[in-house]
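Have a look at this one before I ask anything.
Should a chain be cited, it is by its letter among A, B, C and D, assigned in written order, with residues numbered from 1 in that chain.
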Amino acid sequence: MDIPKDKLLWIYERMQLIRVFETRVSTEFGKGKIPGFVHLYAGEEAVAVGICANLTDADYMTSTHRGHGHCVAKGVDVRGMMAELFGKATGICKGKGGSMHIADMDKGMLGANGIVGGGPPLACGSGLTAKTNGTDQVTICFFGDGASEQGTLHESLNLAAIWKLPIIFVAENNGYAESTPAHYHCSVENIADRAAAYNMPGVTLDGNDLFAVYEAAHEAVARARAGQGPSLLECKTYRHYGHFEGDAQTYKIAGENERYQNELDPIKRFTDAVLSRGLVSEAEMADIDGQVNAAIDEAVKFAEDSPFPEVQETFTDVYVSY
Amino acid sequence: MDIPKDKLLWIYERMQLIRVFETRVSTEFGKGKIPGFVHLYAGEEAVAVGICANLTDADYMTSTHRGHGHCVAKGVDVRGMMAELFGKATGICKGKGGSMHIADMDKGMLGANGIVGGGPPLACGSGLTAKTNGTDQVTICFFGDGASEQGTLHESLNLAAIWKLPIIFVAENNGYAESTPAHYHCSVENIADRAAAYNMPGVTLDGNDLFAVYEAAHEAVARARAGQGPSLLECKTYRHYGHFEGDAQTYKIAGENERYQNELDPIKRFTDAVLSRGLVSEAEMADIDGQVNAAIDEAVKFAEDSPFPEVQETFTDVYVSY
Amino acid sequence: MAERELNFGEALNEAMRQEMQRDPKVVIMGEDVAGGADVDHLEGDEAWGGVLGVTKGLVKEFGRERVIDTPISESGFIGAAVGAAATGLRPIAEMMFVGFMGVCFDQLLNQGAKLRYMFGGKAKVPLVIRTICGGGYRAAAQHSQVLHSLFTHIPGLKTVVPSTPYDAKGLLISAIRDDDLVIFFEDITFGGIKGAVPEEDYSIPFGKADVKRAGEDVTIVAIGKMVHHSLAAATELEKQDKSAEVIDPRTLSPFDEDTVLASVEKTGRLVIADESHPRCNVATDIAAMVADKGFDYLNAPIKMVSAPHTPVPFSPPLEDHYLPNPQKISEAALGLF
Amino acid sequence: MAERELNFGEALNEAMRQEMQRDPKVVIMGEDVAGGADVDHLEGDEAWGGVLGVTKGLVKEFGRERVIDTPISESGFIGAAVGAAATGLRPIAEMMFVGFMGVCFDQLLNQGAKLRYMFGGKAKVPLVIRTICGGGYRAAAQHSQVLHSLFTHIPGLKTVVPSTPYDAKGLLISAIRDDDLVIFFEDITFGGIKGAVPEEDYSIPFGKADVKRAGEDVTIVAIGKMVHHSLAAATELEKQDKSAEVIDPRTLSPFDEDTVLASVEKTGRLVIADESHPRCNVATDIAAMVADKGFDYLNAPIKMVSAPHTPVPFSPPLEDHYLPNPQKISEAALGLF
């Protein structure tokens, strides 16, 4: 499947934007600038970007604790995201949510989620809204391999199937749930094999191959828009960092990190492919790299320079009885 | 597979005991003697009895809101059961549980359950106990077609699979969850097709055919005792009554009740089979019928004659701080 | 006001019907809320209309796209209701019995209740969850719970416990129009209660208690079914020359502190009747509020009449012993003189 | 008493180790309680030993049959722990953060808490659920909750909130030996707390409060982290010539009413510090108890210092504003004079 050039450039830009964002988050976290828990998406960029390359702002998305990449791919402003991580008033959620609760309703981004398995039921909700309103909006529901053992996923897959909801369930199988390998916690080899249990199409694919993700998503999105119901895509991928910042990663196999950070890295593979096929030039890429680095520098500066919220904000955005 | 004669007699006796028990419960409920909610098992006898014919008292069982048949099949005393339904002090749970919470730890019967989907996680628990203790006890986990859409089932099937727990999951697919047909609420045709999603054997069978149930259970129980892990059996069956006493059953298809109460009735089919094959005589069956009727009469009389619990019992069997 | 009388369920049904007519974004979802989904011979008709028949007839008027039967997947469909509310629908979800809320508790605690706050106000969750509560039906430990105290504890949720058909209709209309997640409790024993209910739609504001009976000597704050028991207790107290004021808060979150404090200022005595288990319940919540803000008004200890700290027993004599009743309430009140 | 000092997590670890040595029926289960299950190169070793490392080293001593990593299936494995307890094991299940309890709430509310009662006493559920609670870690709304009030409301559960390493060890040993379902709360900020802990095993009885500081003028009842804040507040109050008695109930259910009432009888003033949301929380529970049973002792209103009725905000200045602290406690106390 041919991807138009402007989309290829957009894809490269988004993948780099995620990568540089996450690298920088790791640095700023290390400096103590970012409080709380942070789960980095670096290494999995081809999944979020390959999927979101098929969407518009009107489409919905539910996410996970590892949500930065999903947000960037869906077009959420990185300045607002970085400011949110810093807990600043200019954050996309006014600093009240933080890394695990970044959301942007204007972009259809229904929130990162600190509860593993929290997203799939919400996805059925936006799917139901689209169906009820008769629009062609689709919902992407990202979840991890660990989340696939959560009952909410089962219930949501079944609901989406019987109601023919326009949802693409995307299992991001990065091999681990915290320190627990997928081959231990999951009773089947491929999560997508479970699609049959709901009478929906299921595909397992190389999640570090942008083109494979893009194509599978393209088909699933078309199905969903056409009212033919949900699909389940499993993208096998890997996280370059630990589960969260601070994880010693002793469970990882020797050489695994290196292999995924080099030959199996999704951005490197994408770059090699488009360069070797002459689809994009090195100069164009260098240009994008420059913009991306500038955007992240600017986002960090914006976050640092922004004020913290006024303490009165503690009591807004909720009915407070006492 | 040949079933020994004493077992055939036991099977007939248990099926009749369930049938007469339930018929009588319906009558006593109609008279206002049995308070609360009552869900009758009549019509599904071949499932509970066909499964339990392969068990000993040491084996475990988890049940559902429709639990009377499971209890009787597991050997729980019908006097204690009837007294429980009447709310009497002599009830198997001292009258504190009622129809939806009948339990008998001495028989490995871990309780009916008012929560749909409440049983499967508990079954993983008794399975884990047996595995940890190194015994050959198996656990039977009964659940309805409606319960198969509950997340707890998914989690439990996966847990049992990865831990190779000695559990037989038995889907009692009676076609309805309350008034909602299985073909609406369930995204696959056969619940047992979902076994593949957990890498365990799954079989769909005619749950009104005692022999089919017995044989499938025989194999699954042997597997479990041998440490080969769980299985999923789906028994297609039917309830002769409404969801609970008082249900007008307008959702049932014309003639459906009659067909299942006559030609497809599990007791009638068993009777015809053993009689025609000369395995059991009419006299032997009549004998059993007499005993069963007497046992149920005696259970009702016992229940009626028993006292209600003393009100102080409200405060026992729990730590009461206020 | 029309003299027309409706029973409790009819009042709720009318509230939903009128709101569905008014606003096409209102949908109903839950197990058997219509019933018989995909059963051919029912055609447009329903099989159940909810387990107690409260949604009866709505599917005929609004169709199965707006009265949606769900599988027994409460995390799934309550979570879906949250997601649908956040994206523009206004769902009314029926969570059959409040005792089942445990199977979808995260959808309430961490999703529905918190989205608006965590997202810095950029989402709202206009969702009503209707649920059956209460003892007295011999439905045993899992099906007889009250649990409104749990939900009142959680920020981001509103909790409503009507005691009359009139209140039920007006409060449900307010709940449907509210932009927050509202849990709406319907006592299982209210089927038989009748009362005057206007035909037109009307709303009763949240956070406004109703003085169900005026009195001078003792204040009784009563929740749900306890309102009726307290009115009976007040009649009994009258015989002992004690005049009781019975206050029905109607909504627990928000809670109308002012009406309660003003009454205690007048009477100097407070009894709170709440069918909840006694620890950390709404009775303790109200007692604590008054022991703080109304301390100087009090002439006597605050008495709470609650269920004991045990599960609900099945056997009728035990359940009767377990439940608060008019006699326990009047005795508690008399003990203050 | 040994002079040896342990930190909070080490004290818990030792309690579990000693109980596992003593009783082969004790098993541990939870997500990453060992970590790295089925990872070949770890062999007998673990990867994590729990998210905060509290179970570190136990898998080496007791093996993966007794320190069991679970999938992220909390309903499944907490329900399994209930079932295992009912059939003879004595599991210690780790439910990482208390904010996740919503995903398995039914297993607690309707199964673990109620089996013994519903079955007429014929089952017992000797299960401990350890869980991380509390704010201050900038972990935002879902990971910073306290929620002990919810569990204290539910009959059939016991709730334990230790505040020191010494109490943590002794209470956890009691919890493991208890035949009921115990929820054991471990404050996320306690990692740095150290204290003397005897090497031998010892148990601290449930329902026995500890007077962490004796005083004459005002009683401060404080839960978990609030004990430390209240001790700091007491030091501050001392400077204002007010002598505060700080009581740590240690277990919320059972609750030691006598110690609190005796103290209020002496001081005439009561402040309760509880990090919970303010409605229907443990502070209101204690306040209501005293407003009933200790009314005559009171010389002033009862003051509660709780978190506000909002989710926990992420941004540090907001979270600091949200959380109770020594200053809020001492100010509440001073307001009573």
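The definition used in the following text is that contacts are C-beta pairs under 8 Å (C-beta built on N, C-alpha and C of every residue); 3 or more make two chains touch, one makes a residue touch a chain.
As the structure is a prediction and not an experimental result, all values here were calculated from the model.
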Practice item. Supply the minimal count of touching-chain steps required to go from chain B to chain D. Key: 1
**Study point:** Where chain B and chain C overlap in contact partners, by chain label
**Key:** A, D
Study note, to complete from the structure: Per mean C-alpha coordinates, the chain lying farthest from chain B is A
Practice item. Report the inter-chain centroid distance for chain A and chain D in whole angstrom, where each centroid is the mean of the CA atoms. Key: 35
**Study point:** For chain A paired with chain C, centre-to-centre distance based on mean C-alpha positions, whole Å
**Key:** 40
Revision key, fill the gap. CA centroids of chain C and chain D: separation to the nearest Å works out as 31
Review point. Just curious, how far off is chain B from chain A if you go by their C-alpha centres, in Å?
Key: 45
Exercise for review: Send over the residues of chain B in touch with two or more other chains.
Suggested key: 91, 93-97, 101, 113-115, 149-152, 155, 158, 162, 184-186, 318, 320-321
Point to revise | Touching two or more other chains - residue numbers and ranges from chain D | key: 70-71, 73, 75-76, 99-100, 102-103, 106-107, 110, 117-118, 140-142, 155-156, 253, 255, 279, 308-311, 313-314
Exercise for review: Sort the chain contact graph into one of these: line, ring, star, complete or other.
Suggested key: complete
Point to revise | chain D residues within the chain B interface of the complex | key: 27, 65-66, 70-71, 73, 75-89, 106-107, 110-111, 115-123, 155-156, 158, 180, 207, 253-255
**Study point:** Interface residues, chain D side, partner chain C - complex
**Key:** 75, 99-103, 105-110, 113-114, 117-118, 140-142, 149-150, 152-156, 253, 255, 276-277, 279-285, 287-293, 295-296, 298, 300-304, 308-311, 313-314
Review point. Where on chain B does chain A make contact in their complex?
Key: 149-155, 157-158, 161-162, 184-188, 193-194, 196-200
Check your understanding: Where on chain B does chain C make contact in their complex?
Key -> 35-37, 87-89, 91, 93-101, 113-117, 146-147, 149-152, 177-181, 183-186, 250-251, 253-254, 308-309, 311, 313-315, 318, 320-322
Revision key, fill the gap. Per the touch rule above, chain D residues touching chain A in the complex are 31-32, 35-39, 41-42, 47-48, 51, 69-76, 99-100, 102-103, 137-143, 278-279, 306, 308-311, 313-318, 321-322
